[in-house]
Amino acid sequence: MATQIPVNELHDQGAQAPRRLWLEMLHGWVTTVDHKKIGLMYIGYALIFLVVGGFEALLMRIQLAIPNNHFVSPEVFNGLFTMHGTTMVFFVGMPILFGFGNYLIPLMIGARDMAFPRLNAFSFWISAFAGFLLYFSYIGGSGLYGAGSAPDVGWFAYAPLTARVFSPGHSTDYWTLALLLTGIGSIGTALNIVTTIICMRCPGMKMSRLPLLPWIYLVMSGLTFVAIGPLTAAQIMLMLDRYVGSHFFDTQAGGSAVLWMHFFWIFGHPEVYILVLPAFAFANEIIPVFSRKAIFGYPAMVAASVGIGFISLSVWAHHMFTVGLGPGGNTFFVLATMIISVPTGIKIFNWLATLWGGKIQFTASMMFAIGFLFQFLVAGLTGIMLSVAPFDWQLGNSYFVVAHFHYVLVGAILFMVFSAFYYWYPKMTGRMLNEKLGKWHFWLFVIGFHLTFDLMHVPGMLGMPRRIYTYEADRGWMIWNLLISSGAIIQTVATILFVYNMVSSYFKGPIAGSDPWDAWTLEWSIPSPPPSYNFAEIPIVGSRRPLWDLKHPDDPDTDYEMGQADPQEKQEEGA
Amino acid sequence: MSEAVLKSASPNQPWTLPSRGIVGMTCLIIAEIAIFVIFVVAYIFYIGKSLSGPMPKDVLELPIFTTICLLSSSLTVHAAVSALQKGKQLLCSLWLAATVFLGGIFIAGTAHEWYDLIYKHGLTIRTNLFGTTFYSLVGLHATHVVIGLILLSLALLFSMRGEMKEEHSEKLEVLSLYWHFVDGVWVIVFLVVYVLGR
Amino acid sequence: MLVLSITAAIFLIVAGILAYVLVKYRSRASNGEGEQEPPQIYGSNQIELSWTVIPILIVVMLFLATTRVVYTTERAQRPANALDVTVIGHQFWWEYRYPELGVVTANELHVPVSDHPQTLPTYLTMSSADTDHSFWVPRLAGKMDLIPNKVNTMWIDPQMKGLYLGQCAQYCGVQHAKMLIRVYADSPEEFAAWVEHQRQPAVDDPAVAEGRNVFMHNACISCHTIRGTVATGRFGPDLTHVGGRETIASGSVPNNPANLREFIDNPANFKPGALMPPMHLDTHDLDAVTAYLTTLK
């Protein structure tokens, strides 16, 4: 009892104690460089913006439920779809995925923290500030009711709509500056992830033994470096055009509006792969555990992920099929886009093969993962449809595209994020989420999701373009919009259930222990929640599933590693 | 709780991993290259498309001298790193000073070139597409040179105060990597702006 | 159709396998504990090869089919009698010029229907005066963008008479949603009659001379053209035959005197954010100018 936490002292300080404890806790969080705390801050921050972005979507759906509605003005609506898209991509998607990566990667590779802890903290806080700056725009300008200076140029901010002459206020500037800042944060975190994975693996963890989650985060971070640069460059050019009088996108001076599109989509398409790859990473960890089988075809999964990363850099102009690239340009991007379906399909088949012959446990986490599989399949197929340029000539920039990408973003990515929550919440908090509530969350969300996004393909096929604040009654779109809007409400209810589950389980959930799922990667070998130093002793691993080997000494993975088995390690094991 | 004890016997083979500083700097360089590529692409795209105003061949002169200075500074910074790795602190200081000096000449030369372009030829960033792409690309590079010079000067300061020792040679190597990147970018900028574009 | 059948087939097969797997391999134990782990299968080169090669073959087939359609559409042989129309996108209206016929109009596009067995397509040469727009009439063709400083071309070839609806499909600003398109596919005779009528200068009805004066002495003339008068502005739609159009405000409201009056009084009544400012006319002038414009059939 020599070294004691001075809890008694705090109690004795009477009324001052709670406030001082509070301040100390706050100080601890604000100044932390611990990857776990930073990861949790990223996740919490993303969840707040998820609610905000979802609210923006709800407002839009109310406006669109009936034709010629007057729920919000055109200016407010245009701000809503811009903010919704920008928020969801940059302030929900990126942070939540970086948050999980930050938390899990050191644990999975047997390290004590990320490679550059202070850079980690800096990256988080600059992104947090960027989110604040973006939303400050609502208060700027003429204030909240007139929607202030909230960006209203669409999340891809096409030139020359963003030029001073067409967007005279500061809405574009808020968009540009907020994203420039969060881009710096993203590069910082990606740099940290790559360096951590390459330089801080525990002994024995060769790259061929790296769990698939860090592998995919490696690819995703590499993509981040190559993709965020073009966005940063284009935004610098845009600011120069707006404030210094340069002519990058000034069509009056001979500049090109198409150049912005190229630069933006050279960022924009890899960006969506940056968003989806971590969903694959979660699936690679979760599906095997709840099938009770190793992932089928580990080398192929690695190769497919790397392949997806590379190919995603070459498909960008499938967002520009209607711009007039000419048949040569169009067919090149058709081909590149179709090719990416091959490694993506391989991943889906490998997941199916993992399930095949297994003993599938339908926990809430697994149900979301299965939802992901099904919905990602559909999303990929509508993507293939859109890759056929003539199809895109009709359906591009319509609600069919909106349905397609929400199918990926919500149906695949968000579902997998929910799955990851149910799976790793016990590790992060030491308590289990309520399974029954989880299943209610799942079914309600599935119903709402399909009601909204299955039906959304129809108005697109009936000719409804995107980004319109209202529509005419004689186009036959109303019934679809009404049903779509009702699905949004159901999804809202499901999300409220989820938030409630997270909060109440923190206080009342059953204690999880270090390994509630009987899983196989290193994070399950330490207490829940992990101590600040993660591992009392840095582990040494001999296969891809170290805990499986420990639990199944008669049938260890080391026997099956494809020609990687180290004869000396096998000797040690036998001893 | 059950902390499963994994094998904690010492491994039979030494477990070596790459250095964090080098990997981190490489990542940063890749990200920066992505930014520069876009400015280079914009430059190349707009060659010959200016509607008016001074054209490159009218106003640009090959900056041979400053280029030689900048590229030599890569050699000097490499020498500084080698010197430090062998523990020769004074030599390291000298080579670092040479690097800063050569980099300084480059910046001064760029400033002089811009002064002439603006005041003698009337070319600014808003004059035409050439002005826009020229100043932004060369300016972005010059900014990176200035940042490098600041960092190198700091290193020189530490070195002169005798605080930079052999064990810091890897950190200096990471900085030198940045400087090599800056020089490499200049090679591209030089070829695109002064050779291809004229 | 090919695309749809391929994707439908893939969907049925893969989703079918998923459903089968979920049923057949579900864990039978009530609480999962104490159940033996299934055999661990790490991979299979043959299986993985097959589901790499087969998708590649599907991709090749789909790609070749797509390329054929892309080239036949974009490099279609242009018949000698094709009609040329220049389309210029504005915030938030459409300008249509028929260069060989000397016709300029706005927002309502008239084209001739193809007369079997002859085809009579209309070639649209498109650009923009301000931001990006996109011309999309789903029942006639895919969309093509209108981009400033760039010229795009597409062709349409309606086979049936009638009115085809569409709208701008590239976000262009506040009133993007109300930049509607109306394409009237007329029979060749109707089309010829329409062209002839459009080429006439504006109707000069002395009964509405007062309204005409109001128009000519106000800022109207700096933005609008009425052929045969001093109004030669190019910023807003050509109003020479505005009375004969079925809609105003780029297709968003029916063209009748009440709506016209309300629009001129303040365009924000129908299209807040439209670039035409409220004209600040008193009631008397407003009535007069409305009456005048109504006669411009």
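Couple of notes before you dig in:
Every chain is named by a letter (A, B and C) in the order it is written, and numbering of its residues begins at 1.
Going forward, contacts are C-beta pairs under 8 Å (C-beta built on N, C-alpha and C of every residue); 3 or more make two chains touch, one makes a residue touch a chain.
Because the structure is a prediction, the values reported are computed rather than measured.
Minimum number of contact steps separating subunit B from subunit C: 2. Between the interfaces A-B and A-C, more contacting C-beta pairs are found at A-C. With centres defined as mean CA coordinates, subunit C is found 49 Å away from subunit B.
Rounded to whole angstrom, the centroid-to-centroid distance between subunit A and subunit B, based on C-alpha atoms, equals 34 Å. Between the Cα centres of subunit A and subunit C there is a gap of 35 Å. Residue positions of subunit A touching 2 or more other chains, listed in rising order: 254-256.
By the touch rule above, subunit B contacts subunit A in their complex via residues 1-4, 6-9, 11-12, 15, 17-20, 23-24, 27-28, 30-39, 42, 45-46, 49-51, 125-126, 128-129, 131-133, 135-136, 140. Residues of subunit A that touch subunit B in their complex: 115-116, 187, 190-192, 194-195, 198-201, 203-204, 221-222, 224-230, 232-234, 236-237, 240, 244-248, 253-256, 259, 263, 266, 513-515, 522, 525-528, 536-542, 546-547, 550, 568-569, 572.
Of all residues in subunit C, those touching subunit A in their complex are 3-4, 6-7, 10-11, 14-15, 17-18, 21-22, 25-29, 32, 35, 37-44, 47-48, 51-52, 55-56, 59, 62-63, 66-67, 69-71, 73-75, 91, 130-132, 134, 136, 138-139, 141-145, 147-150, 152, 165-177, 180, 252, 272-273. Here subunit A touches subunit C in the complex through residues 73-75, 78, 152-154, 158, 160-161, 166, 251-252, 254-258, 291-294, 296-300, 322-324, 326-327, 330-331, 334-335, 338-339, 341-342, 345-346, 348-350, 352-353, 355-362, 370, 373-374, 377-378, 381-382, 384-385, 387-394, 396-398, 462-463, 465-472, 474-475, 552, 555, 557, 560, 562, going by the rule given at the top.
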